[in-house]
Amino acid sequence: MADMLLQIAGVLIFFAIVFGVARLVIGRTAIDRVVAIDMLTVVSIALIALYAHLSGRFVYIDVALVYGLLSFLAVLAIARFLEKGP
Amino acid sequence: MNEQAPTDGKGIRGLPVLWLLLFILWLIVNASLATPILITGAVISFAIALIFARRSNVWHIAVTPRSAWHFLTYTSVFFTELVKANLNMLRYVYSPRIDIHPGIVRVRIRLKSPIGRLALSNSIALTPGSLVMDVRGETMFVHWLDVKTTDPDQATEMIVAPFEKHLEAVFG
Amino acid sequence: MLELLVILICGSILVSGVLAVWLDNLMAAMVSAGLASLFAAVSYVLLAAPDVAMAEAAIGSGLSTLIFLYAIRRTGGGRE
Amino acid sequence: MVEALFQPLNIFLLGLGGGFLIPLLYRIAKPLPALAFITALCGIAAVSGVNFWALRNGQPAIEVYTAGATPPISINLRFGAWEGFFTFCVNIAALLGAWQLWPRLRDSYAALLLYLILVMGINGMVMTRDLFNLFVFLEIVSIATYGLLGLERGPAALAASFKYIMATVIASSFLLLGSVLLYHVTGTLNIDELIARRELIAGPIGTTALIFILACLILELKPFPANGWGLDVYETAPAGIAALVSVGVSAGVFFALLKLLPLFENHLSLIAVAGGATFLFSNLVGLKQTNVQRMLGYSSIAQMGLMMLALALLQKQGAAASMPLVIGGLFANHLFAKAGLFWLAGAVQRTEVAGWSTIAGRPFVLLVFALLLVAIAGLPPFPGFWAKWELVMQLSGAQLYVWIALILLGSLLEAAYMFGWFKQATRAMPGDLPVSFTARDLLPAAGGAVLLAIGSYHAAQLAGAASLWLFSPLIIGIVLYALDWLPGRVKCCLMLLAVLGVGNWLISETTGMSGLFATVLLGGGLVVASAALYRQDSRPGYYPLMAVLLLSIATMMRAQTSLEFFFSWELITLSSYFMIAQGRHAHPHALPFLLFSLTSAFCLLAGFALADAANGTSLLQAFRTGGTDAASAFALLALGFLIKAGAIGFHVWLPGAYAEADDDLSAMLSSVVSKVAIFGLFMVTYLAIGSQVGLELAHLMGWIGMLTTVIGAALAFRQDDVKRLLAYSSMSQLGYIITAIALMSHLGWVTALYLVANHLMVKGILFLAVAGVILRCGTRRLEELGGLARRMPVTFVVAVVALVSMSGLPPLAGFGGKWLLLSAMVDKGWYGLAAAGILATLIGLLYMFRLAHALFLAPPQAAAVHVREAPMQLLLPQIVLVGAILVLSFQPKLFMDPVSTAIDPYFASTLVWEGMSLETIYGYWNPVPVMAASIAGAGVLFLIGWTVYRLDQGRTAATGIAEFYRYYIKISQPWSAPLATRAWESIARLGTVSAEATRRVYTGDGQMYVLVALFYVLFLLSANFIAGHAG
Amino acid sequence: MELTGSILVLTGAFFLFSAGLGLLRMPDTFTRIQAGTKASTLGNILVLAGLGFYHPDWALKLLVVAYFVLMTNPLSSHALSRAAHAIRTPMAPSTMVDALREEGDRQGNGDVS
Amino acid sequence: MKAASSLLAVLLFGAVFAGIVGGYGERESVSALAEQYLAMVPRELGAPNVVTGILITYRGFDTLGEVAVLFMVAAGVGVLLGGKDTTTASEPGREPRRPSELVGNGAEITLPLIFLFGAYVIKNGHLSAGGGFQGGAVVASGTMLLMLALPATKLNHGFLGVTESLAGVVYVGIGILGLVFAAGFLDSHILPLGEFGTLISAGAIPVISALLGVKVGAELSVIIDRFRN
Amino acid sequence: MGLPVSTLLMTTGFLLVLIGMWGILRHRNILRIIIGFGLFDTGLHIVMVATGYITGGTAPIIDTALGIEQATTRAVDPVPSALVVTAIVIGFSVTAIMLAFAIRIHDARKTLSIDALTESKW
């Protein structure tokens, strides 16, 4: 039961990523893409954590941390540059 | 933020708080209480705390029972609002036709301490339909997913008030 | 399950890669390249190489993107 | 402890430790980084040097293990003889390069550490035995290079650097991919293990991975046509950095290729093709370059191509024993010569070749320049010469003739543009801004030259040709050069003494034909050379070169093997080239001289290679026993000597060089140096004696000789310039000798030797006499001279003797010679040749009379009114030579005895000597019909000519000898267009046009370069694929 | 225990899914930022919390991760929206009011580039 | 024309790569060498993280070279972007917008955490995923945040330079110690192996890891700062 | 679904390499070319990591989840991982240098188009 729920969760995350990528492709403005990236990284953190659980390896959580940190920084940096404008 | 209570001071006033915070964090991430980890943790967190406590006044906060109480209240309010906000959001997202009237409104804030203002804006960002756009002095510009009023006072009441009183008690 | 995830990540990497080459806006292209690298980091986790994933996330997507941004700024927003 | 101090690992400790320390020291005190840099660099060089020395003395290769584990677990390094050699050379070059770059390095500690780590990286590439570690070191080297390239801030330099980065990043990516895929296939990254598990590298992954690695290495060596980025960097980077890229980085990559070669057993042909195409086309395109550094870049790339080619072909032939000489020699030669030239370019600071006239008149700079150029062109005594020789020998042994042709053609092209550059540098232009040097600026380039000189002896040792006598001309040359500050006449005397002493020692062991030639040429050479005493000026560099020239002739006569012979031959060529180039108006003519000489030399090289392969030995004696398969060798060798002798078709270099050289040098060239080629012809005809094909070729050679004679005479007839007239006359006379040799009979050879001796003396006299005339009258135009018989009586007398002797009138020596020749031809049944000889005799008579008339008998002209007799120093040699002519004429026995004994071993049976005097020969061979026929023929021809002249011209115009000549010169104008000159010009144009067309592949577009590089990889892949499926 | 965890994970995933959907459906940049940030933050926290139920020994570290996301995500969304506003990203047609723009226009300074 | 040839090149490479993929089969077990590593690193080096063990000890020479690469890049970028004639592209008359106050405050709060986390990753090199490079990169990211959110901050180049120099020199020094006291250059057995899986274990690996982290962090920070100015 | 994980990722990696190659070859803007190089590099790294994967492998880090004696059978090949960490750092270095050059070029010419960089040729 629990496993099935997790599988469903996995599928949902899968679609979340698909939507994010779709937004990335559709774009509209650069900011939209960055938003998509922001969301995608957060989803990826969850994904990595889930994968850590699935494979039973605690060490992957560290990756999720670095990942979250870096994505935050990247988004911040991009936002900062965007607002300075071209 | 597990730390509380405003003080005003300079220099390394924020050091103990920061040191403690970092040390605890260190222990958490290491998931171990072995002696070497304790020692290195103490040293590293002290070094980092020393550097950052000196360079800004963000960490000038003091811990008192009252502020701790308010912090807990704040946390609970915050999480309630977070869930509410998300449910709210779900409503928009899953409605067949998204019928919203977003806008940027002006609200007033009374908080002075940087960390308090930050906590406030973070809270606002995560709660129903609002997102802080900019802060200028005592004015905060908030993007509102569904604008109910454009009057600053009313808006303040609706958006800021739930958190501010607790945060004021915690951070000043 | 794992295959599904892998296919998803692979697809995302490729989509980001194509966008990075295809997009007209330099900033967006750069961001897409960073995203490709970020997804690559996820794929390294799936391939059981967390060390590499960390390095890629930190260096490949974080710092590279940043210096790219600085470069774009210093070259006038990427106008040719 | 001392051992630990010089452990090879210390190279890295010094490099990295020093590099890491530099910023720290910079914070402490500003001068400290420089100090640390110098210490570290010297330390690196010392470590590699000490270890290399130990390895040379038989110590086994040093294995360095890191991390306390053995390979393949951990990375290991090896320092064997090869590694020692490469690292030591590179480190020394790096030291010199640092000196050159010092003004740039000093200012920025970043540059210091980049440079230091770059050097360390190259050492690492050479020493590491781990594939991935190789990649890391390659990246270290690349990134250090990028950083150093950033020192130059010009837009062009930045653009070029960017292209360079694009291409090299692509290349190294392939290395990365290849190594990981190889790891996947074989489970190891250790190179030794990879080689051991070679058979595992199969299937699509393994083979592709291998090709990726190969592609990276080849691309980093900048193969044609995927090398535009490299050239742009060479063009725009600071010279010191370009030098480092050219020699250092390439050395590292090349060594990587060398190291990994066992993996590429199946791809050797591919590597060879890549290298060959690079060598040929880069040199071709080099022809059109005007930018010095770009030109050097082409040459650099070409050299790496040559090394690639040599490596692959030698490996394929399993000729591991030749590798040290060929690869080591080529490498050291390229390293120091190319780096030296780059450094020199940096010191001179003229980007365009045309700007180099600014160093004309700076003897020391020119000396360094010349030495480096000689080394680059693969000429002796530098290592490149020995290496190329060995390479060609090996290739010939494996019957890879196409490759030999390619190598020689490429070398010729390279020499063409390199010496074209030198030509600019020897021509002072008015309005050149003087360029200021300090000894500091020149030190690196000079250091490179000195190291090359040291290397040349070692290379000779490896080639088995290092002996005191062979190098004695150079040693004497160096000693004399050291005394070059003395006054000119003192130097001349010293030179004569040195040549006399050393030359005697050198030729004391020569016997037979060589002994004969040695005595005649050295004696004649000394006499002619002594005429130089008439010059009062200092003539910097002239006397050492003259000593080298004369002594090289002696060593050539002493040579036992083809290598020794060729070595001396090239020295003769070079020393005469540099002496000619010193002439005031010689620079347009020196280059053709050199190019034809080199063409001839390369023909010889190829010929010797064939002969060695056919004979199985390089001993010259073996030529006598060469069988029928030596015919092609004979053809090539004969062609080489004919070119050098100025035979018809190849004569275009001759008049300019002879005419524009210094006056006494012209005498030397014409009388002595030209005989060297004749000696060669003698020698190689041994080869032809044994076979029917050879005899037919000899007949062809006879016709070539006779045509040369006729046309040479006709051209001499037309000249208005006295030295050009004599030059063409030389050509004509040499033609007789060639024909005589081609007769291949006892009589023919006697004739030839007789003519050699005669011509030596005659031309010596005439050129020296003319030198006197020019000295006194200041002009060379025939119409401006005249009436000198009274003003310069001694000159007049000796000249007349010489002319008589040359024209073949009795009773002087020339008569005997010509008579013998005609008889021999008739004897052999070559009547056509004999008829042509008669025609030639007539024209010869005409121009010689014209010469005598115009100089001495014609009415005095303005220039010749107040002249005195020529100086004693000039007259004395002439008188000596006249004496010799008289001896030869009236006591021929003195000469004929040794000649006969020398020839007897070859043609003992063809001629019976009865008695030993000339008279006896006359008697035995009834001269009357032959001579009567010839004189009658000549008379008839002359009468026809005179009649035509009278009919057409003589009735209206005033008759006179000058008019007679003018008439014939005029009517010969239309049909005697300079065909040969035009032919050669169009060949030269073909070269430049194809160079122009080829270089269009370099569009300057960085993306295009990347695309080409990618296609190059695809080409390698597909070639491998096809080979895999075909085999 | 595990069931609780998996339900939490599933809820989290559902929120993440909604975030994705919101990102796609919302009319303008600002609303997308809102949708993306809020839902993904909560979803992420829930997933991590759910996993914490599975592995109590991981819980503290997961908490750190969750806390980190909680702290950084709003900040980045704030920075993004500020940037978006600064470069005059178009807002949805249904937008009622833009006090910040008015403020900027009133001050007349050039801080909007 | 050029487009066509580019396309051709890409397609042909596609074919080549397809060949590789076609010949590739996922392994069921690791190569003999990898097996040796997997057995040796924990046992003989005492490092649970095999990758770090390989990186720092067995392939330590690579790592040293890599550090040198970064070091040179810092210097090279300094050469390129330093100097007087550098102009930033921001047009005059338009002051760059100040960063948000909130972001600044956020940075002040996050920075200690980031640095702490960097220290954790560095320290964790031999135990769990992470190591000097990753940790150094995290530290550098912290610097980057500092520069982004608080542009007024000036990096102390002198300090950073000295730090990276010292770290580098000590690194090389430890390598030499390995040469003197253990079996070879960069041998980590100069310190006792300690108890498996604890912080103070695996010989010199943690020390090297820490040095690496400090050095990489400083170098990356310098590089970023060069780009900023 | 039959494809093994590493084959999938290897394909992806190679495709990314090709995409990067296309970017390098077709874009005129230097910065975009550098982006192409970045993709190229990333693709290579993915391929490299993929070659080290074994079916069902786990990270070669010994902890409670992976005993010391299981390591040889369950862990993936650590060597490619080690190599890729190095390669990532080097890739970053190269990118940094290229960007520095791009900035310099822009300073010198006020353009980023690679078409402007053709003065040295032939």
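The chains carry the letters A, B, C, D, E, F and G, assigned in the order they are written, with residues numbered from 1 in each.
Heads up, the rule we're going with is that a contact is a pair of C-beta atoms (placed from the backbone, for glycine too) under 8 Å apart; a residue touches a chain by one contact, two chains touch by 3 or more.
The model shown is predicted, which means the values in this text are computed figures rather than measured ones.
Q: Would you pick out the chains that touch subunit A and also touch subunit D?
A: F, G
Q: What are the chains that subunit F and subunit G both touch?
A: A, C, D
Q: Does A-E or A-G have more contacting C-beta pairs?
A: Result of the comparison of A-E and A-G: A-E.
Q: Taking CA centroids for every chain, report which one is farthest away from subunit F.
A: D
Q: Counting only C-alpha atoms to place each centre, which chain is farthest from subunit A?
A: Taking each chain's C-alpha mean as its centre, the farthest from subunit A is D.
Q: Between subunit A and subunit F, what distance separates the C-alpha centroids? Give it in angstrom.
A: 24
Q: From the C-alpha centre of subunit D to that of subunit F, how far is it in Å?
A: Taking the mean C-alpha position of each chain, the two centres sit 53 Å apart.
Q: With chain centres taken as the means of their Cα atoms, state the distance from subunit B to subunit E in Å.
A: So the centroids are 15 Å from each other.
Q: Hunt down the residues of subunit G that sit against at least two other chains at once, touch-wise.
A: Residues 5-6, 11, 21-22, 25-26, 51-53, 57-61, 63, 75-76, 79-83, 85-86, 88-90, 93, 96-97, 99-104, 106 of subunit G touch two or more partner chains.
Q: Show the residues in subunit C shared as contacts by 2 or more other chains, in ascending order.
A: Where subunit C meets two or more other chains at a single residue, that happens at 2, 4, 46, 48-55, 58-59, 62-63, 66-67, 70-79.
Q: In subunit F, which residues are in touch with two or more of the other chains?
A: As it turns out, subunit F has residues touching two or more other chains at 6, 9, 13, 20, 24, 31, 33-34, 37, 49, 51, 59, 62, 66, 69, 72-73, 76, 80, 85, 89-90, 97, 100, 102-103, 106, 109-110, 113, 117, 121, 124, 128-131, 133-134, 138, 141, 144, 223, 227.
Q: Quick one: in the complex, what on subunit C touches subunit F?
A: These residues of subunit C touch subunit F: 49-55, 58-59, 62-63, 66-67, 70-71, 73-77.
Q: What part of subunit A is in contact with subunit C in the complex they form?
A: 7, 10-11, 14, 17-18, 21, 24-25, 27, 30, 33-34, 37, 40-41, 44, 47-48, 51, 54-55, 57, 59-60, 62-63, 66-67, 70-71, 73-74, 77-78, 81-82, 84-86
Q: Which residues of subunit G touch subunit D in the complex?
A: It comes out as residues 21, 24-25, 30, 33, 37, 40-41, 44, 47-48, 51-52, 79-80, 83, 86-87, 90, 93-94, 97-98, 100-102, 104-105, 108-109, 114-122.
Q: Can you list the residues on subunit D that touch subunit F in the complex?
A: The touching residues are 9, 12-13, 16-17, 19-24, 26-27, 64-69, 72-75, 108-111, 113-114, 117, 120-121, 124, 128, 130, 132-133, 136-137, 139-140, 143-144, 146-148, 150-151, 153, 181, 183, 187-188, 203-205, 208, 1007-1008, 1011, 1014-1015, 1018, 1021.
Q: Can you list the subunit E residues touching subunit B in their complex?
A: Result: residues 15, 18, 21-22, 25-28, 30-31, 33-35, 37-39, 41-42, 57, 60-61, 63-64, 70-71, 73-75, 77-78, 81-82, 85, 91-92, 94-101, 103 of subunit E touch subunit B.
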